[in-house]
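For reference, the structures are reproduced in the following blocks.
Shared chain: subunit A. Partners: subunit B in the first complex, subunit C in the second.
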Partner chain A sequence: MSSYTIPVGPLHVALEEPMYFRVEAQGEMVVGLDITAGHVHRGIEALAMTRNFYQNITLTERLCSLCSNSHPSTYCMALENLASIRIPERAEYLRVIADEIKRVASNLFNCAILGHIIGFDSLFKHVMETREIMQDVKETIYGNRMDLAANCIGGVKYDLDEERSKYLWQQMERMKKHLDEIYALYCKNSFVRLRTEGVGVLSKEDALRFAVVGPVARGSGIDYDVRQKSPYAAYDRLDFEVQTENGGDVLCRAKVRLREAQQAVRLIQQCVTDMPAGPTCIDTPPEIPAGEAIAKSEAPRGELIYYLRTDGSDIPERLKWRVPSYMNWDALKSMLVGDKISDIALIVNSIDPCISCTER
Partner chain B sequence: MFSFLKILVRNLIQGPSTDPFPFGETFTPEGLRGRVRFDASACVGCRMCEHVCAGGAIRFEQSESELRFTLWHNSCTFCGLCQHYCKTKAIVLTEDWHLSHRQEEKYAMVEQGTVPLAPCLGCGISMIPVADELMRVAYRETNQDIDRLRRLCPDCRRKLGIKGVQRCKM
Partner chain C sequence: MLEMLSPFFHLLLFPGGLFALACGLLLKGVDRKVAARLQRRIGPPLHQPFVDLIKLWHKDSSVPETAQSRVFAWAPHVGVTGMALAALLIPIGGVYTPSGAYGDLLVLLYLLAVPAVALMIGGAASGSPFGAIGFSREMSMMLAYEGPLLLALLSVALKVGLATGGVATFSLAEIVRYQQAHGALLFDPVMWPAVVTFLFVIPANLGVVPFDIPEAESEILEGPLLEYSGKELGLFQIMSALKMVVVLGLGVTLFCPTAPGGLLLSLAWFIFKCLVLMVASVTVVRSATGRLRIDQAFSFYFKWPEALGVASLILVLTTRNFP
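After this line comes the complex of A and B, so read on.
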């Protein structure tokens, strides 16, 4: 059979963000793949080097909408590492709460899109409606539905009073019921399984070879989670397990994400009960010496690394970050080859790609 | 399949989840980050808000007699950093999110204020008198002597301070 080349993207109905795939196909089957990025480059890395440390908190929060909290919190961690600032213990718990709230919303968004791509739009709507609970939580506690603006250098700039803690707890109880139901649906529903089981398989060997991270790695049986491997904020005091699946297909990645959402809800509740009273932020303006530092965290899509170099002024000399999608999109070459053309969008979605932060 | 039918029926009975806005009310939680308000009487002119603002939404212009504050809502990201770092809370984000406007009004979407300068009681140089809000942060209670400090420039305050120290030593 002769092979032919088809373009997919950069603008495509089922791709959430612009990316160009040059697909080599034989009949229905993908036999080769070339990925071209660079459609949404905004020059944010260069911009960060013209903004002072404070301004960059707001700038990094705008790299990506779905993991918007992971960026400023990791950036602040890099600054705090560099200046040897120990943030108050209450702030550590509050940072976990903010991160986990975003994780639930982000993972649900991805799993909802899965429903949309396989043509199961009532499932899509249902999962998005459940996610609305998290959106309302963000709006009520932080004052915005996407960008929480929770972080500042040396702590956080929000607090939970008794009333808000109670509200958060109640909403998490609501979420638990919905999440259990949704998880069971993805595991058992015959439509979902028919379209996702055995599709876009990434073997454990390939997962290691491509050094994938986050739910993509954990869906292929790699037990790696920054929250456990090198705990930051309050994660060393919280009780949770790294979620893994061994199948390496689209369904396994979705299951990992849904279980992580369930676990995030429990983590939030643990924080609400364990959080000590006290200040939420250091009370003197931070002094940032010249030097370099690294910080990393587990964003909803996987390991996020920040590198910061300073020269003693209040503007970073260099600020660079490596986002999880950078590692994950290369592995699409392994996932897509051998699968059907009609599953391309589904498989691309299963790595939960964030092009906006990868290309920044 | 049956399990999802159950959810569908339940969602159908529950009715729409969307708010009827703009024909009815919608949900606005306390603490929503919306339109910014500036209170010139509480501002001490430290310009920290301008320094931390990523959008460059805040500008100050100083003249002989006043310090003018302007904030462009179309450059503002509603991050709240200005409010966080303002010691006197002269700048705050309100819950008003009704910010849609016509293209021709885009330069009118501003918040403005003027902080008057006053002569220093000691040397007469023009300066911003310290706002009551900051005095409360610093001293909790004020008396006449402390109140006089408000209207002294930093140099004259320092001189007064040294005199006080000398008096104590004697």
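After this line comes the complex of A and C, so read on.
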């Protein structure tokens, strides 16, 4: 049978962001794949080298919507590593809270899109409605639904008073019930399972070969989580388990994401109870010496690394970051080939690609 | 003079043509509203399908350079014509009985395949790879659901035919008359497998989730419809609205064509029955399921509805009253 080419993207209803795949197909089977990137290059890395350290917090927050807290917090961590700043303990807990709130919202968003792609719009609506609780939490505590503006050099810009802590706790209790229900849905519903089980399999060997990170790696049985392997903020004092699945298919990745959302809710509640009193930020403006630093964190999509080089001025000499999607999207070649055309969008969505932070 | 005009009246105004179109668009509006309510959305107003159609009518349509433009432009016309003729054949209990000169159940069965064929031709002529994929998927779906559909129709034809002393009757008027005299087939346990088979066929025939595979929006960008725009796309919407009435009306005719008497009341009763059938077999089903893959849908139809259809046929044949 002769093969033919179909274009998927750069604008495709099921891909949230522009990414172009040239798919070689035979009948309904994918036999080859060519990924082209670069549709949303905005020159942000160059822009970062023209702005001062404080302006860059705002800039990095605008790289991407769903992991918009991971970028500025990791950038601040790199600066703090460079200047040997120890942030107040309360600020460490508050950073965890901001990160985990974004993680729940991001993971639920991805799982909702899975529902939409398999044509199960009721599931999509249900998950998005649950996610709306997290959006309300963000708006109530931070004043925004997407960009939290929570971080600053040496701490955080917000604090939780008694009333807000209580509100946060109550909302997390509400989330628990919904998350359990959603998790059971994804595990049991026959339409979800028919479409996702055994689809887009990434074996553990391939996962290691492509060095994938985040839920994609954990869905293929690789027990790797930055929060546990090299804890930052308050993660070394918090109790959580790294979630893994061994199947390596689309369903396993969705399950890992949902269980991580459940863990995140637990983490937020732990933070609210364990958080010590005290300042939320260092009180003197920091001196940033010349030098190099690296910081890494676990964004909702996986390991995020920031590299920073300074020359003693208030503008970074070089700021570079490696985002999780950069590691994950090459593995698509291994996942897609041999699967059906009807599953392309489903498999691409299962790595939760964030094109806007990958191409910046 | 009047008798010469009556086929045109039936084709263009009632029960085909404008009436069927308005009915179909209304059904679609209700479908969208109920589906939205089931998903806790507000949903569009009931007249949204009318507005959509009027909007499309005022838009320019473009034809892709790679398309075979004449076939591409004619495909939706073929589909609409087929469905308009089919609408002519649907009896409305107590209001309208199609003349035997227009055709019978067998003609209707053939006409029901026209929309799928029109979509296949349009998709293949559009020159888009997604249209081609849609073509092959539409073909597979047709192979899958035509069998059970035929078996369900045959069960009713045999049931009515054997009861009235013949072998099988394909006359729609006869099927309606029999049920008006002896009660609706829906309440006859012997016919229940046929009812269920027909219910299984509706979602695939109308192309809704879980069987909207040939037009899957998030997989192949609506396949054959991808390149259509403006009036041509509007024609496909008219076709699908008419098909809604024809398929649901056929279901009502086969299993429950009884009417309460009185022209307006019977008409309202017919529309109400179509609505109930639609909510049960389209709206609820598409809200509660996700889309299947083509191979899964294919094997599903060859397992359950096919088996049920055969069972129904055997049941009808073995339970007939020997004179």
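Here are a few things to note about the model shown:
The definition used in the following text is that the second predicted complex is superposed on the first by the 360 of 360 C-alpha atoms of A that agree within 3 Å, B and C clash if a C-alpha of one lies under 4 Å from a C-alpha of the other, contacts with A are read in each partner's own complex, and residues count from 1 in each chain.
The rule we apply is simple: contacts are C-beta pairs under 8 Å (C-beta built on N, C-alpha and C of every residue); 3 or more make two chains touch, one makes a residue touch a chain.
Keep in mind it's a predicted model, so treat the numbers as computed, not measured.
Looking at the shared chain after the overlay, A:E173 reaches neither subunit B nor subunit C. Of the two partner chains, neither subunit B nor subunit C is touched by A:E241. Once the two complexes are laid over each other on the shared chain, residue contacts for A:S342 go to subunit C alone; subunit B is not touched. After overlaying the two complexes on the shared chain, residue contacts for A:D223 are found with neither subunit B nor subunit C.
Residue contacts after overlaying the shared chain place A:G115 against subunit C, while subunit B stays out of touching range. Of the two partner chains, subunit C is the only one touched by A:L194; subunit B is not. After overlaying the two complexes on the shared chain, residue contacts for A:G143 are found with subunit B alone; subunit C is out of touch.
Once chain A of one complex is fitted onto chain A of the other, the partner contacts of A:L123 extend to both subunit B and subunit C.
In the overlay built on the shared chain, the residue A:T5 is in contact with subunit C alone; subunit B does not reach it. 122-123, 126, 129, 189, 191 are the residues of subunit A that lie in the contact sets of both subunit B and subunit C, per the superposition on chain A. The residues of subunit B lying in touch with subunit A in their complex are 1, 3-4, 7-8, 11, 17, 27, 29-33, 51-55, 77-81, 84-85, 93. Chain contact summary for the complex, subunit A toward subunit C: residues 4-7, 12-14, 27-28, 115-123, 125-126, 129, 189, 191-192, 194-195, 340-345. Within the complex formed with subunit A, the residues of subunit C that make contact are 38-41, 129-130, 132-133, 136, 209-210, 212-213, 216-221, 287-296. Across the interface of their complex, subunit B is touched by residues 51-52, 54-59, 61-62, 122-123, 126, 129, 132, 136, 139-144, 147, 149, 152, 157, 181, 184-185, 188-191 of subunit A.
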